Every structure is written in structure tokens, then in C-alpha cells.
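Please find the structures below.
Look for subunit A in each of the two complexes below; its partner is subunit B in the first and subunit C in the second.
On to the complex of A and B.
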């Protein structure tokens, strides 16, 4: 019953999305508001149906209905309820269903929210979103049917991929990432609408800025959560491996970040408009490329789903999105060309221009490194792999340059600047950075990566802090408010600016932590008998015992656990384990991680001999890793602060919307922001 | 830009992207061909666990099996009986060589005492030989023919069947 309902919901949702495409198109051409409304209702219904299909799938997983092939492959009667539910996105077909759910959710939200505004743009936004949704429903109706039946019905299923039922973060990382990916269809839809209608002025940018920042928040949180998951689960002591699929998430992030910056210039100064539009197209195409890489079976990766027949579908979708977006862009190129030449002065515009060049450079470097193995293989049949050294060597200087720009860009005035301004703004922070870098040397930091990053990060935070203090002081003076109140009011009245500063500060924190943890990690491997010890960086690790027992909540999983006592700067004990899952031929590591303020003690069990009471351990001492996650929180908090609707502005927007229903409402000017 | 010319950008971008997307579909990315199979043995000179020196010249003239392993490596325990068996039965025809990978000589020697020392030389690698061979992680086993050409490679523990196939590739009949 449930699978029939689920499949029917998908087929009807496909029909509704196709209908919505036509209705929106008709509504746009004939300026027929009722057709547009009908299209919108169809999309909301498609969302409801995607939700129904998702619930049907979750219920089937919870009920262990092995008559559905997807459930039989990814669930077992012993699978705990939490991992049953999140198996919705643990494998290919279910993840596409989840994707369609989020995509139609975003679409419905945007179409509903702007139903009475932007009458020229919205029908084309609807056409684009409905078409993209239709594609995902079509994939599920034909090659990737999540409700495909299985006969004869097996008595027991395979259980979920062992790696994916090992940590509760599996409930968090994919949804965040998918919310980011799917949300980036919204700016693409607005970009297409702006190009089709020729309304390529500031109107679409004002809407799209926020609708890019929101998915950007989810994408950022998803990437950080994924790195964290990889660190806590995979047991190799690292958090980022330049895996093709990690890159697939990073590329749209880089492109979206470039867009957020270039759109500020486009919106406020009318520059970089071709660039901004191209970035919207590329960001969306890159989200599809990520889907293609993970779901077509072309790359080997911890993230890759099994090879499937949906590859060609996604290849065609990528070509259509790229070709369509680029075609529209070329068609409107004469109208988009910048009216004013880019300024050569030392100004905020040129900082933004350079920022965009760097972000684009990073995207190209990552894209090239990710695609090169595919190019070589397609051309010669040989297999090569592009490893971390390539990405680190080329990307590190680009990131360093970006961090430098983070300091000077926001502090430079638009248009141009003078030497005295430069001295006044940057001399203090530069001196502070020099002083703290020297302090870093005294504390034992070494190497250009660590010290250079520390210098740049302190410089950025110094400049930003100076900006905040300067602004708060001046407000406190003119309004007679106490400085903390003045600072808070200043920030909440210029959310985009000060939220952006917080994001920059968080990135700096992450940059220092990454630089130090990447270059300062120590590792050792040893086989210990019970009672034997090994040392690493001031810590002494002693094997206390080796235990082999089934997991309490899933008896089919056998855990081999080594309990290790450690002493040194901190002391205590930790357990590191390997779990044997019936669905996996290789045991899954569950590293033992102890996080201290300055370093992580990270112990992976490589092999254990339960009879002899011996264990082979790989031990990492990773400095500052915890601060990467803290930095991630700061980034997300800053972006949420920036995107938070302002009460005053919201009220004005409502008045404006109510005042002129049919007119393409202008979004009220936002605060003085970078 | 002249109005018509810019449209050339579309095929220029789309054709290669399309070729790239379709060319790799249906190829299994998990099979990784080795870059050293078919090539000559790299030159090396490494100390062994029993205090002598092993060089590539020692291996020419007789088929050889080179096994990268470590005491901290679990699957190395599983494959060890296969190596011991091969050494015992074919020791006259084929030279077995162990290469200790990212491990200390003391721990490696203790491991051999525990799991059985087959009597073949174990070179202690400083990491350079593993790089020359392109070792991704222990255990990895290479089959080298009498002319010093690498003929086969097994990633992960060697099964009896993989051992027989590898030996066949270097002209040794294991049956």
C-alpha cells in the first residue's frame, strides 16, 4: 500500500511540475495572473506530494518493508529507528526523493512569498523552478524509482551502509548540504527570469542576495558538519581529503561566495554585472555536477553511491542548464555590459574585483583537479589521481590572498582612497599582527603556513575590530548611548555589514586552525600488548584491555574495543573500536577522540587480537582541530545575523507590497553595507 | 565583442563538457591499474631486519615476490600463512622479500616472532621504495620476473588464488 502511494505521488508530482512549467510560461507570455497562480498552486501541491512520498518511504523503512528494493538494500530488522528514518537520504534513490522534497519546498516558499510582488520576474522564476523539479521527479519515475518492488520479498534486508549508521551526524550533514544545494536553484531561477525579461537591473539582485545567503548558510554548515563527521568517523585523523565529492560541495560554495560578493558591486555600483550573472549560472550548474559525481558512479569516493543508470540523465541536465543559462547570458550580453569602466584606484570595487578573480581561480583549480582524472581517463583510458598536494600547493596562496582582501576590502571606501586613510586604517592592525606573530614564534609556531596565516588572520580581525569600535564610538558620541548598546544597535541596524564581519572573523579562526592542524600534526603507530605503553608528544598511552562484544542496540554488530589510558598534559581513558557490520566486509573504525583546548588526542584501532590481548593503534596528536568547528559556528552565526530580516525593513516591505500590488515592487534600500 | 562571434562560446564550452560527462559513464572507478606493472624494478639498497643489505641486484636472475607489510597492519596477519606456504613449497624457484612499511624494526621483528618467520629477507623501507612502487597501504604484493620486470600487483591481502595467478605471471607454476 505505502509503496503504491509513494510511487503514485511521484508520478502525479511530475505531471504537476510539468503543468506548472506550462502554466507559468503561459502566464508570463499572456500576462495572465490566474495562470501564474495556478502554476504556483501546482508547485505547492507537488511539494505536498513529495512530502507524502518521503513520509511513505520513512514509514516503509521504519516498518522494514523489504518488498521495496530500496528498503531491502538499506535497512534490516535490527536497524535502530533513528538510522531507519535517516536512511531516506543514505542511498541513491531515497536521496533523490529527499532532494525533490527540499527543492519543491524552497520553490513553494519563494513562489508563495513573492506571489504579489515582482510580477514580471516571478512567472519565469516559476518556469525555471518547476522545470528543475520536473527533472528530479522524472528521474524518480524512470531510472531511479525509490519504490521499485522486489520479488520474492526477502525475510531480512542488507542493512544500511555501515559507514552511514555509525554516527548521529549522518542525520545532520546530508540534510544541511542538500538544503544548500537545492536552495541554490532559487538564485538561478531569478537569474534566468532577469535574463528572459531583460530586467537585469538591481531588482533581481536585491532578492537574490538574501536567497543566496540562506542556502549558503546551509551549504557552509553542511560542509563543516561533513568535515567533522569525516574526522569523527573515518579514523584517518583528518577532516578534508580533497575527495571528488568534497570538492563537489566546495565548488558551488566558492562560486556562491564569489556571487555574494560580486552582487554587492553589481547592486550598489552597477559593476561586474556579466560576472555576477555568470556566477549564478555556474553555481547552479556546479550543484548538478556534484549530484552527477556522486550518483552516476564515475568517481570512487566515500560518498559515491553505487553505479546506476541515472548518469546520462544528469549529464543531459547539466548540459541543458549550462547551455540554457549561458545562451540567455550571451543573448543579453549587450544590455548587461558594464556602463562604467572598472576603477583602477585602491578602492572597495577593485578589492571586490580581485576577490572575485581569486574565488573564480579557486573554483577553477578545484574543478580542474577534480575533473583531470576524468579527462585523462576518457582520453587515454589511464587512471590517475590528483592528490592533496596539488590542491594544497595551489589553493593555499589563493586562500592567503583572499584573507588579506578580507582585511582591506571592507575597510576601503568606494571609489578610491588616499594614503592617509590607508595609514590610519591599517597601520595599527598591521603592528598588532606583527606583534602577535612574534608571540606565535615564541610559542613555538613554525613555518610560513602557520605564521603567515596567523599574521593575516590577526590583521583581518584587527581591521574589523577597529571598524566596529570606530563605528560604535561615533554612535555613542552622537547619540549619547553607552558604547556596548551603541555597538549592538549599530550592528543590528547594519546586519549585512556586521554579520559579514563576523563571517570573516570565523573564516580567520578556521584558517589559523587549519594551517596549524595541517602542518603541526604528529602521528605514531604501534602494536601494544595489554599493559604496554607508547608515547607521542608528551602523552603516554597504555593499553588497558581489549573487549569484543555485540552492540547493545544492534546485536548483529560486533564491536572490538580497545580501552586506552592516557597521561600527560591531560589524563584519562578513551575507547577506540572497530565494528563488524554484517553489511560490510571490512570493519568500520570508531576512533577515540579526546578534544582539549589546544589539541586533539585521536586514537584509531587498526587491528586487535582479543585472545592475546594486543591492539595495533594509530595515534594522532592534532593541534587546534576543535577551533575549526568553532570557526564554522562563528561563520554560520555571522551569516544568520546578516540574513536575519530587520523589523523595520520588513514592515516597510509589507507596506510597499500592499501599496502597489501589481507594480514590480522595489525592495527598500538596505543599510549601508559592504 | 562582435554580436555573432560570442555565440561560438556555446559549442566551445558545451561540446567538451558533454564529452567529458558521457565518456566516463559506465566505467568502474574502483579498478586501479598500477603504473609500475610492466616496468623494471626500481633501484634500491635497504637494510634488512637481520642486519644485511638488500639491493635490487639481489633479485635479478630469479623470480621474486615482494610483499609490503607492517606490524600494525591487520590484513597482513591474514595473508601471512599464504606467504609462508609459498616460501615453503617454492622456496627454490622464487625469492620472497618482505618490505617493512612505516614501522620500526623492533616491532616488525616481534611480529615475525609471533606469526612465524619464513626465513626470507625483510628490508626496512624509509618510505622511498614504497613511493617508487606506488604502494597505497600495506599489505601490497608485487610479482617480479627473472628479468627484473614487475608483472603483477595485488592490493590487500594475497589469497591462495591471487598468489597462484601472480606466480604464473612470473613463470612459476604454483600447483
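On to the complex of A and C.
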């Protein structure tokens, strides 16, 4: 019953999406508001049907209905309820259903929210979103049917992929990432609408930036959560391996970040508009490329699902989106040509330009490195690898240059600058950065990666902090407000700017932590009998016991656990384990991680002899890793602060009020330097 | 801002450059060759991990082999070649082909070049003198500045 309902819901949703495409198209051509409204209702209904299908799938997973092939492959009678429910996104077909659910959700939200505004743009936004949704429903109706039946019905299923039922973050990382991915269809739809209607002025930019920042927040959180998950689960002591599917998530993030920056130039100075529009197209296409890489089995990776026949479907969709988007862009090129070319000068525009080149360069390097093994193998039959040493070597300098730009970009004036401005804004922070770098040397930091990153990060935070202090002081002086109040009001009335500063500060925190943890980790390995000890850094680890027992919530999984007491700067005990899943030939590591302020003690069990009571342990002492996640929180908080609504209304009300008193005094921070 | 701060900052940054250069040359504890090699070789039975990061049987065997060969006096290049002969160039996480390195760098260099040409081709934006501003315009400017800022 449930699978029939689920499948029917998908087929009807496909029909509704196609109908909505036509209705929006008709509404656009004939300026028929009722056709547009009908299309909107069809999309809302498609969302409801996608939700119904998702609920049907979750219920089937919870009920272990092995007459559905997907459930039989990804569930077992012993799977705990939490992992049953989240298995909706644990494999190919279910994840496409989840994808369609989120995509129609974003579509419905946007179409509903702007139903009475942007009358020219919205029908074409609807056409695009409905067409993209129709594509995903079509994939589920033909090659990737999540409700495909299985006869004869097996008595027991395979259970979920062992790696994916090992940590609760599986409930967090994929939804965040997918919310980001699917949300990026919205800016693409607005981009297409602007190009089709020729309304490429500031109107679409404001909406598109907002609707890029929102998915960007989810994408960022999803990527950080994924790195964290990988660190807590995979047991190799690291969090980023330049795995093809990690790259697939990073590429749209890089392109979207480039867009967020170039759109500011486009909006303020009318420059970079062609480039900005192209970035909207690229970002969306890269989300499809990411899906293609993950879902089609063309790359081998932790995340890659079984090989399937949906590859060609996605290949065609990628070509259509890229060709359609760039075709429209070429068609509108004359209208988009820059009205006011940026002058060649040391200015904020130049910083933005360079920023865009670097972000696009990073995207190209990641795309190139990810695709190269496939291309080489297809062309010559030779199998090659492109891995972490390659990406680190090329990308580290590009990231360093970006961090430098983070310091100077926001502090440079538009248009051009003078030597005295440069001295005034950068000399103090540069001195501070030198001083703290020397302090870093005294604290034991070594090497160009650690010290260079520390210098750049302190420089950035110094410049940004100085900007905030100067703005707040100026506001406190002109308004007579206490400085903290002035700082808060300044920030909440210029959310984009100060939210952006917070994002930059978070990135700096992450950069320092990544540099130090990547180059300063220590490791040791030893085989210990019960009662024996080993040392690493200032810590002494003693094996207390080895236990072998089935998991309490899933008796088919046998856990071999070593309990280790540690003493030193901190003391306590931790458990590190290997789990034998029936669905996996190799045991899955469950590292024991203890997080302290300056370092993580990370213990992986390599092998254990339960009878003799011996265990082989791999121990890592990873400095500052926790601060990477803290930095991620800061980045997300900054972006949320920047995207928070209400700003304009408040700001306009305040300017209006101030205008009645004394207009010049209300000019805020940007022009406020003495 | 005092006049001496600027030159002092320049001097300090130069001094720091020197320190960083020394740091780069001398290195912290220069990683042992075996560790560097292990990080460059792909673990044959994992996904996207290097031999250095992996603890599978194959990775352990390769690490042991690296140490043994280095102890026997082979150079890093010889050890690397040994594994390429055995597993194919697939084993190298750092692809050996110069094209893999040159193409993306060329792409970035080319885009910087195109950007430079595009900027140089344009005339600089005309500089306009500030005109006499009445109160109404001031208020409008203040409003626009507020809405632009951020």
C-alpha cells in the first residue's frame, strides 16, 4: 500500500511540475496572472506530494517493508529507528527523493513569498524551478525509482551502509548539505528570469544575493558538519581528504562565495555584471556536477553510491543547464556590458576582482583535479590518482592570498586610495600581526604554514577590528551613544557588512586551526597488553580492558572495545572500538576522541585480541582541531547575522528620523574615518 | 596616526618576512622522508586516503617496505619508482605528469592576464568635482549611503 502511494505521488508530482512549467510559461507570455497562480499552486501540490512520498518511504523504512528494493538494500529488522528514518538519504534513490522534497520546498517557499512582487520575473522563476523539479521527479519515475518492488520479498534486509549508521551526524550532515545544494536552484532561477526578461538591473541582484546567502549558510554548515563527521567516525585522525565527493560539495561553495563577492561590485558599482551572472549559472551547474559525481558511480569514494543508470540523465541535465544558462547570457551580453568599468587602482573593486579570480581559480583547480583521473582513464586507459598532496600544494597559496585580500578588501575605499589611507588602516594591524607572530614563535609554532597563516589571520582580524572600533567611535561621538550600544547599532544597521566581518573572522580562526593541526599533529602506535602504557606528548595511555559484545540497540553488530585510561595535562578514560557489521567485510572504526582547549587526544583501535587482552592502538595528538568547528560556527553565525531580515526597514526608518534632525550625521561608518 | 608608524610597520613586516623565510628553510622538525613518502602514496585498499593516514594491512605493509628500502640506502625517488612499477602510476597521489600541474596554473595565469588586459583597455573613470550640495541632496545622499553600506 505505502509503496503504491509513494510511487503514485511521484508520478503525479512529475505531471504537476510539467503542468506548472507550461502554466508559468503561458502566464509569462500572455501576462496572465491566473495562469501563474495556477502554476504556483501546482508546485505547492508537487511539494506536498514529495512530502507524502518521503513520509511513505520513512514509514516503509521504519516498518522494515522489504518488498521495496531500497528498503531491503538499506535496512534490516534490527536497524534502530533513528537510522531507519535517516536512511531516506543514505543511498541513491532515497536521496533523490529527499532532494526533490527540498527542491520543491524551496520552490514553493520562493514562489509563495514573492507571489505579489516582481510580476515580470516570477513566471520565469517558476518555469525554471518547475523544470528542475520535473527533472528530479522524472529521474525517480524512470531510472531511479525509490519504490521499486522486490520479489520474492526477503525475510531480512542488508542493513544500512555500516559507515553511515555509526554516528548521529548522519542525521545532520546530509540534510544541511542538501538544503544548500537544492537552495542554489533559486538564484539560478532568478538569473534565468532576469536574462529572459532582460530585467538585469539591481532588482534581481538583491533577491539573488539574499537567496544565495541562505543556501550558502546551509552548504557551509553541511561541509563543516561533514568534516566533523569524518573526523569523529573514520578514525584516520583527519577531517578532509580531498575526496571527490568532498570536492563536489566544495565546488559550488567556492562558486557561490565568488558570486556573493562579485555581486557586491555589481550592485554598488555596476561592474562585473556579466561575470556575476555567469557565476550564478556555474554555481547551479556545479551542484548538478556534484550530484552526478556522487550518484552516478563515476568516482570511487566514501560517499559514492552504487553504480547506476542515472549518470546519463544527469550528464544531459548538466549540459542543458550550462548551455541554456550561458546561451541566455550571450544573448543578453550587450545589455549586461559594464556601465562603469572598474578603474585600475588600489581599490576595493580591484580587491573584489582579485578575489573572484582566486575563487574561480580554486574552483577550476578542484574541478580539474577531481575530473582528471576520469578523463585520463577514458582517454588513455591509464589509471592515475590526484590526491591531497596535489590539492594542498596548489590550493594553499591561493587560500593564503584570499585571506590577505580578506584583510585589505573591506578596508580599502571604492574607487581608489592614497598612501596615507593605507598607512592609517593597515600599519597598526600589521604591527600587531608581526608581534603576535613572534609570540607564536616563542610559543613553539614553527614553519611557514603555521606562522604565515597566523600572521595573515591576525592581520585580517586586526584590520576588521579596527574598522569596527572606528565606526563605533564615530557613531558614539555623533550620536552620543555609549560605545557598546553604538557598536551594536552600527552592526545591526549594516548587517551585511558586519556579518561579513564575522564570517571573515571565523574563516581566519579556521585557517589558523587547519594550518596548525595539519602540520603540528603528533602520532604514535603501540600494541599494549592490559595494564601496559604508552606515551605521546605529555600523555600516558594505559590499556585497562578489552571487551567484545554486541551493540545494545542492534545485536547483529559486534563491538570490540578497548578502554584506555589517560593521564597527563588532562586525565580520564576513553573507549575506542571496532564494530563488525554484517553488511561490511571490514570492521568499522569508532575512534575515541577527547577534546581539550588546545588539542585533541584521538585514539583508534587497530586490532584487539580479546582473549589475551591486548590491543593495537594508533594515537594522535591533534592541536587546535576543535577550533575548526568553532570557526565554522562563527562563519555560520556571521552569515545568519548578515542575512537576517528587517535591516532595511529599520535602517530606512532611522535614516528618515535622522534626516529630519541632521542628515550628514547619519552617514555611517564607511565615510566616517577622520 | 603618528608618522613613524608607517615606516616602522614596513620595517617590521620586512623583518617578519626574514623570520618566515628562515622558518621555511630550516623547517620545524623536517618530516622524516618515510613519512613524506607515505603521504604521497595511495593506500591500495582504501578510498582517497594515503598510506600515511591508513592503517589497513596493505598500508602497513607499504609503510614497512618504505622504511626497509630507505634503510637499505635507496633514495626517495627510487622508492617511489619501486611502487609505481608495482602498482602503476595510480599509486601516486601527487600525479607525476607535468600537465596536471601546468594546466590549472596556466588557466589562472591566463585569467589574470585577460583581466589585466581588460582593465588596461578601459579608460579610468572620470573624476568629478564635488558640486555645491543643498540640504535636500544631502539627505538623499545620506539615505543612499545608508542603503549602500554594509
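Here is the rule we go by: the second predicted complex is superposed on the first by the 647 of 674 C-alpha atoms of A that agree within 3 Å, B and C clash if a C-alpha of one lies under 4 Å from a C-alpha of the other, contacts with A are read in each partner's own complex, and residues count from 1 in each chain.
Criterion: a contact is a pair of C-beta atoms (placed from the backbone, for glycine too) under 8 Å apart; a residue touches a chain by one contact, two chains touch by 3 or more.
The shown structure was predicted, so the numbers you read here are calculated from the model rather than taken from an experiment.
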Would subunit B and subunit C fit next to each other on subunit A once aligned, or clash?
clash
A:365 contacts which: subunit B (first), subunit C (second), both, neither?
second
Now for A:426: first (subunit B), second (subunit C), both, or neither, which partner does it touch?
second
Quick one: classify A:237 as touching subunit B (first), subunit C (second), both or neither.
second
Contacts of A:382 with subunit B and subunit C, given as first, second, both or neither
both
Per the contact definition in the header, classify A:323: touching subunit B only (first), subunit C only (second), both, or neither.
first
Touching A:582, do we find subunit B (first), subunit C (second), both, or neither?
neither
So in the superposed three-chain picture, is A:452 touching just subunit B, just subunit C, both, or none of them (first/second/both/neither)?
second
When the two structures are overlaid on chain A, which partner does A:567 contact: first (subunit B), second (subunit C), both, or neither?
neither
First (subunit B), second (subunit C), both or neither: which does A:613 touch?
neither
Could you figure out whether subunit B or subunit C reaches more residues of subunit A?
C
Subunit C region in steric overlap with subunit B, selected from 6-14, 24-32 or 60-68
60-68
Can you list the residues of subunit A that touch subunit B in one structure and subunit C in the other?
300, 382-383, 606, 618
Any idea which subunit C residues touch subunit A in the complex?
1, 5-6, 8-9, 12-13, 15-16, 19-20, 23-24, 27-29, 39-40, 42, 47-50, 53-56, 88-95, 97, 100-101, 103-105, 107-108, 111-112, 115, 119-120, 122-125, 135, 138-139, 141-143, 145-150
List the residues on subunit A that touch subunit C in their complex, please.
235-238, 241-244, 268, 300-302, 340-345, 353, 357, 360-361, 364-365, 368-369, 372, 382-390, 393-394, 398, 415, 423-424, 426-428, 430-431, 433-434, 437-438, 441, 446-448, 450-452, 455, 493-498, 519-520, 586, 604, 606, 618, 647-648, 651-652, 654-656, 658-659, 663-664, 666-671
In their shared complex, subunit B is touched by residues of subunit A numbered 292, 296-300, 304, 307, 311-312, 314-315, 318-319, 322-323, 326-327, 330, 333-334, 371, 374-375, 377-378, 382-383, 525-527, 606-607, 616-618
Which positions of subunit B touch subunit A when the two form their complex?
1, 3, 6-7, 9-10, 13-14, 17-33, 70-74, 77, 102-103, 107, 110-111
